[in-house]
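Input: a single structure, listed below in structure tokens.
Labels for the chains are A, B, C, D, E and F, by order of writing; each one numbers its residues from 1.
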Amino acid sequence: MRVPEFVPAEAVLSGQTADVYFAHTLEILRREGLNPMATMEVFPGRSGILCGMEEVRALLSRVLPEDNREVWALPEGEAMGRREVALRITAPYQSYGLYETAIAGILAHCSGWATAARQCVEVARGIPIVSFGARHVHPSVAGIMDYSAIVGGCAGCSSSSGAALAGTRPSGTMPHALILLMGDTVVATRAFDRHMPPDTPRISLVDTFKDETEESLRVAEALGDRLNSVRLDTPAERGGVTVDLVKEVRARLDLAGFSHVRIFVSGGIDPERIVRFLENGAPVDGFGVGSYISDARPIDFTADLHEVDGRPVAKRGRTPGITPNPRLKRIL
Amino acid sequence: MRVPEFVPAEAVLSGQTADVYFAHTLEILRREGLNPMATMEVFPGRSGILCGMEEVRALLSRVLPEDNREVWALPEGEAMGRREVALRITAPYQSYGLYETAIAGILAHCSGWATAARQCVEVARGIPIVSFGARHVHPSVAGIMDYSAIVGGCAGCSSSSGAALAGTRPSGTMPHALILLMGDTVVATRAFDRHMPPDTPRISLVDTFKDETEESLRVAEALGDRLNSVRLDTPAERGGVTVDLVKEVRARLDLAGFSHVRIFVSGGIDPERIVRFLENGAPVDGFGVGSYISDARPIDFTADLHEVDGRPVAKRGRTPGITPNPRLKRIL
Amino acid sequence: MRVPEFVPAEAVLSGQTADVYFAHTLEILRREGLNPMATMEVFPGRSGILCGMEEVRALLSRVLPEDNREVWALPEGEAMGRREVALRITAPYQSYGLYETAIAGILAHCSGWATAARQCVEVARGIPIVSFGARHVHPSVAGIMDYSAIVGGCAGCSSSSGAALAGTRPSGTMPHALILLMGDTVVATRAFDRHMPPDTPRISLVDTFKDETEESLRVAEALGDRLNSVRLDTPAERGGVTVDLVKEVRARLDLAGFSHVRIFVSGGIDPERIVRFLENGAPVDGFGVGSYISDARPIDFTADLHEVDGRPVAKRGRTPGITPNPRLKRIL
Amino acid sequence: MRVPEFVPAEAVLSGQTADVYFAHTLEILRREGLNPMATMEVFPGRSGILCGMEEVRALLSRVLPEDNREVWALPEGEAMGRREVALRITAPYQSYGLYETAIAGILAHCSGWATAARQCVEVARGIPIVSFGARHVHPSVAGIMDYSAIVGGCAGCSSSSGAALAGTRPSGTMPHALILLMGDTVVATRAFDRHMPPDTPRISLVDTFKDETEESLRVAEALGDRLNSVRLDTPAERGGVTVDLVKEVRARLDLAGFSHVRIFVSGGIDPERIVRFLENGAPVDGFGVGSYISDARPIDFTADLHEVDGRPVAKRGRTPGITPNPRLKRIL
Amino acid sequence: MRVPEFVPAEAVLSGQTADVYFAHTLEILRREGLNPMATMEVFPGRSGILCGMEEVRALLSRVLPEDNREVWALPEGEAMGRREVALRITAPYQSYGLYETAIAGILAHCSGWATAARQCVEVARGIPIVSFGARHVHPSVAGIMDYSAIVGGCAGCSSSSGAALAGTRPSGTMPHALILLMGDTVVATRAFDRHMPPDTPRISLVDTFKDETEESLRVAEALGDRLNSVRLDTPAERGGVTVDLVKEVRARLDLAGFSHVRIFVSGGIDPERIVRFLENGAPVDGFGVGSYISDARPIDFTADLHEVDGRPVAKRGRTPGITPNPRLKRIL
Amino acid sequence: MRVPEFVPAEAVLSGQTADVYFAHTLEILRREGLNPMATMEVFPGRSGILCGMEEVRALLSRVLPEDNREVWALPEGEAMGRREVALRITAPYQSYGLYETAIAGILAHCSGWATAARQCVEVARGIPIVSFGARHVHPSVAGIMDYSAIVGGCAGCSSSSGAALAGTRPSGTMPHALILLMGDTVVATRAFDRHMPPDTPRISLVDTFKDETEESLRVAEALGDRLNSVRLDTPAERGGVTVDLVKEVRARLDLAGFSHVRIFVSGGIDPERIVRFLENGAPVDGFGVGSYISDARPIDFTADLHEVDGRPVAKRGRTPGITPNPRLKRIL
């Protein structure tokens, strides 16, 4: 994955998004004429996949004095241990004190998403996972959520903004709305086939009106070789997608000569269900994962001062001085 | 609370943050010359406090044709039941189909935060709760998260952007960083007192260097009547803030004649711990709640078409036609 | 319910089905010239609904000497407490000692079935339950099992032999086999309608080939007013019958003007699932219950001698002498 | 074990014991002039020991046309997997459709009993298990239940009819009734010894009146070398048979010079208790198992049509066409 | 209960039994010339029944200067709350500092025993409880343990030393040893009857050699009206004493005309088993409780200085100054 | 460890501490003129570390006739299995029957303490454990409790009497009382240093007034090289001693150049917490264990007669005759 160009938002740079007490602190320090060199260490409260560091780097490179700074960090996408120092900043405190809230928040939210994505990818035995959760988060973070999912190992995502950040193309099938508006799955699938560019894969959603096996055979007969996949998204009201349903759709497609048609499964997918599908031999060719990734809890990060003008310091409960971590790389 | 002026972001209006299959759907419909009047209903997957509806209203008022639309909704901040219809849009589908992702995402994320806030407020017996979680979410949503917490019942929040949206002032005490930089809690508290405007309450953070009871008495002696509160934020490494600690600080402050000093508690607070403090008689005057609110899981919303050009429709698993809900109010 | 004419089987009367040690005992007593008046009490190991007593009565009336017997019992279909004496026989021991095995076995097996049936009936709020479990028991007891289910409160049963014992008509819809053989649900339903007598209700099984809602509408359109019910029997591989499926079938039938068509539900039904359907408002008009009733564990009965020639006796662990139970009625 | 001669009952052949809808189906097919070649597959809902196949074979050999039938099956007594096809019938449907209920019922009930018996045998380390449960089932199935227990591995059974089917002799000790009638265990044991043929083992039941150790020594002294075993059947009211009790009886018999007397244990025995006896070194020489085997839940079987006139068919949830199973043997 | 004369042991007075750091402290204070008036408060770590206070009073009355002391306490046998101050001593510290270990230890151990006894008494519905646990504790505390049990509500105890402290007579039946030595329960019971004074109740232990019911009848016949009770103490190896055993012994004694013979139950008795006996209607006339009382965990007490020469003091975690408790009475 | 000189107490020898029924038994036997040679076996109800045998040996050597006795036992401090015979006495019954209560009680109580101590020692990886629980037991057993803890593996104990029995010196630091009386930890530590002999280690208790890290540095600076250890005993009200606290104190002491100062931890220590400290790398140099050892439940012992005048006997539930145990050694 190419590193995207993160541009700090104006509201972040101005301190609008910060906890107000950092603004107070900056004002007090300025009035007291204090601007010591300070070393801040940032670590996560639980283990996971680090994400957001590139965005943090973009912010720091903008605000720290170029000739008086030293920043060390773990790389984007790395596994990190519980309470392992993931970022260490040394610079005049006034240059970055205001951004503690933003730095911790970017790392917390992005690492939460990337870690959940990785949990899915790890159990999927190479079957691609696509992030489908844009609809569960505020649109201001839909893109960065999908980007984090791809950092965590997803093969793609559904939002254009996420795909743009990750330097890829968004993945899309068709929504139930299209089929409901056109009144029939075959009609909708034919229209999709007629108007979409040839390199957009034809994936038909087959649970809207009829039984999934019947509809799968109907769209396969309608599109023939051009049909790439069917997507099963059976709602919970109908028992959700089951292992047996996938097997049966596969068997009936094969019996009818449509072995080339792949089966894509979505709807409430999480690592436990992925394991259940795979351990029971369900022939799934791809999973769409929504809320398990998008709704993942952030991994809270803590930022602590450990040196002030070369003196080891720490609040009660922490150990004064630099915490050694040979895995850190200098990034600024 | 005054209704804020929500302004739809350009990336939302352009469809950048949408699932790409909605862009595909719009293009197919346009090429097919289809733009039926369509009624979409939106409902939550679990019960909670509705939040985000004002921002959704702002988006819809911008995109729906003024003379051909009808939008009904539950009000911001209302309790909503599991699967209760919270929003119903009737308008030409092409005018709003692209925004299904954003509408669901705004409601999901904001309702998740507001609901968690409400859970804290409900058990706090009137003791004010301040939202302290900006540091756990991406700065792009720090403000809207804090706004949602206040919709849920919080008395205030720590981020300037959240306070601006909610039409209030941000709440701040002092960070550990200020004390570590100045080397002593009393010195830092005196500096705060010297430079902050008189209407900013003097709240001293008393767990940085010394035992909380000792430090509380030191800052109370230093500021006397001007001291508003002490904040206890004992880290988990030292056992966190306990019921007994609050009682002892209160007793020692009272013994020394500082009954006017209030006690504010933060650090890992959630409804269960609030209950434990209050049921065991800990004399807390305010709670700061961070990750319980900021890290709350979104409440996923589902959007379904239920009528197309006056005909009842629904996908399998849902019931065709309008779902009656007398609690809805017309908002557009 | 009319009391059926139970006729003791030859294998029972000859002692073939008995534990062989009773045959030994009889032989020893005869050789020793012993035939005391003995009182045997029979009681269940757990509470439940008593069933089988009529068949036991038929056996005893055949073997006990008419002028030297006294038999007291609880009536068929009564609730009985744990370890409550349900049957007391006083007669010369040689006349009945051989039948202890059969008496205990009839009561155990029948009471097990009746009790399970009652558990379903008790939670069904008056909605009829039909016993469908003949296929899970040996055909030698299919009839008595269904009879016991009706004693327990079922409205009917599927086996002809069970219905004959209970003095009613067997209940039947149509099997999946008929539909698979004829290739289409509507074709099979029309054939049923053509050939069955008018007083046989037309109940169509709607989960064989197509989605249940689609098929329900097809058969309703085909038979119109003559259609009595649809039966939902969705297999576990498709998530089974859910609350939401029943609601949706009802809604779609009503929308299409088929409010007179009733909904009958089968497939893995037990009291817990009946409660779930009813508490969640699923509009079910009848339940078919199979293995919950047919596979019920017998309620083991114990038979103890408590008096021999007027002397109180008992083995260790039991109390000598007659155990009073005012609920008993004399039956022979 | 020799294969018994099963003779189909008249009530089975006439369809009396069948679900009535199969009678309806047959009538409809006849009126429609349909009698296709149909392949039915039968499989169990959980794994276990297959039993009842010999009785099913007897039924099918009676009803299928000799020149137009093909039946494949797993052998009686084999382990079978969950949902593994255990029986496949190909023949004109009218010849066997009526017997689906009986076929499934025989296999379900018998396999349930055989499987429970096997569970006991598997943990008993070669110590013989005798089926004692005739008193817990309806006498119409007492024999077939005991036969199934022996198919599952039991060394014998207590009912004469079960022993007859299995080609063995019934096992019997003496009932509490004999001892209560004669008033003393030694008196009853002497009478047994006097009147029973020499090849019937002398097994004395020693918990009726006195402490088991005292009674064991009394009967051993009375019969000397002719005493084969004592049976411990202590009731639950006295704590049941415990590991320590068996050890103590053994030790006291040995101390008194009766090492040849064996110890047989009964009363609420199940695999868990067998394991506890053996793991704690209780010197048991035989177990009598009652309700654990006789009250075992049937293993429900499902029968599905998979081919009609050579065409693969299946209802939703099943895969059309023959399901390969190389373990099947042709039996007709 | 009369208050016993407690006499402090020499090893306590000399400080031999104390934690050595109190000896060090006394030496340091003497060398520094410090002997302030100090107030020590003593409270339990959990709620329970206070016991040991009389022994503590005896110790303090011996060591505190008569003209310069004030001691307040809860009375012996009172219920005390968790962390409720149970004892407050004000005196020159050198006079009592050495005895903190002994004071806390006496209260802890005795209150543990008394509390366990009370738990038995509370559920026993007036049926007397006798403390039988002397054999589970070191003989140096056997007497004080039994005394504490009686303070907790027991009707008596088995040790002579405990009875002496409590001003009562020890309760005794007969041990298994007597019966084993004499070879028969009736022989032993007759010997007991022959040699014991008439006012010692004849209680026969009936589980040594024969079944309890048989033995009960034998001893009742042997002693007739002089038999006061039978004691059931069935070992765990024989299933322990069960509800049904007690009922059966009662029934068989009554049938034989021995209604005056009472039933005393021992062996692993605890509150849970007492409840089970009584809720199931077992006609028990007395319980012997051993390890539940004797092995009870001590209720740890904490001793804190709260005032030194009139100044409120406390260590971290405690509140300085006197803790008000209106329930305290002045005892010295 | 040297074997201490146990001297039987007068109250034991006189039978005062015995269950009174042994006194009765002795009187009956004397009056009957019975004094058979009897063999008694004593075994524990659960596995553990045997303790108290030396004290029992002292008692038996005093009371048994020297020329007519044989006593076999497991050695003090050995592991013993559940129900393994740990002591076998053969002598005229009248010489020892009265002491069954004392023998069982000594073994039960002492083995309970020794076993709990061993559980701590086993998980402590060589870090010394000191018994601190004298304050939780009656002073009459404070010494024997501490002796048992040392038999179980403790490195020392706090009571003078325990140390005397074990032939070692008592371990002591300083109590909170000393610090509260002198008003400051440094002042108290300096006084301790001034007055205690040079070979008493200087261990300062650092949680009384100030934060533990601050106080540790203060006392280290005050005593320099003479400071042996700091003791952490943080009360539960302040979260207890945590892993992180120990690490932080160590780090701050090291940073300040006090690497020689050791860290001793006390307060609610048990095996589970020891494991947690060690598995999480807390640099603890010693543990003080109080109630886990002192409040341990006794391990109940049972004493049974197995031979009388050479005849094997036993009560029901036990096996007559000597129980072989090759691990026993002859001790008298």
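As a working rule, a contact is a pair of C-beta atoms (placed from the backbone, for glycine too) under 8 Å apart; a residue touches a chain by one contact, two chains touch by 3 or more.
Everything numeric here is computed off the predicted structure, so don't read it as measured data.
Asks: Could you name all chains that are in contact with chain A and with chain B at the same time?
Replies: For chain A paired with chain B, the chains in contact with each are C, F, in label order.
Asks: Which one of the chains is farthest from chain C, going by Cα centres?
Replies: Most remote chain from chain C, centroid-wise, comes out as F.
Asks: Looking at chain pairs B-C and D-E, which one is connected by more C-beta pairs in contact?
Replies: D-E
Asks: Compute the centre of every chain as the mean of its C-alpha atoms, then state which one is farthest from the centre of chain A.
Replies: Most remote chain from chain A, centroid-wise, comes out as E.
Asks: Provide the C-alpha centroid distance between chain A and chain D, rounded to the nearest whole angstrom.
Replies: Taking the average C-alpha coordinate of chain A and of chain D, the gap between them is 58 Å.
Asks: Hey, how far is the Cα centre of chain C from the one of chain D, in Å?
Replies: 22
Asks: Touching two or more other chains, which residues of chain C qualify?
Replies: Answer for chain C, listing residues that touch two or more other chains: 209-211, 234, 236-238, 244-245, 248, 316-318.
Asks: Strictly by the criterion at the top, what is the full list of touching chain pairs?
Replies: Every pair of chains meeting the touch criterion: A-B, A-C, A-D, A-F, B-C, B-E, B-F, C-D, C-E, D-E, D-F, E-F.
Asks: Help me check something: in the complex, which residues belonging to chain E touch chain D?
Replies: It is residues 209-211, 214, 234, 236-240, 242, 244-245, 248 of chain E that touch chain D.
Asks: For the complex, which residues does chain D have touching chain F?
Replies: Residues 211, 213, 244-245, 247-248, 251-252, 255 of chain D touch chain F in their complex.
Asks: Please name which positions on chain C make contact with chain E in the complex.
Replies: Per the touch definition, chain C meets chain E at residues 312, 316-321.
Asks: Which positions of chain F touch chain E when the two form their complex?
Replies: Residues 9, 11-12, 15-25, 27-29, 31-32, 34, 36, 38, 40, 52, 93, 97, 100-102, 104-106, 108-110, 112, 132, 134-144, 158-161, 163-164, 170-183, 191-192, 194-196, 200, 207-210, 234-238, 290-291, 294-295, 297-298, 300-301, 304-305, 308, 313-318.
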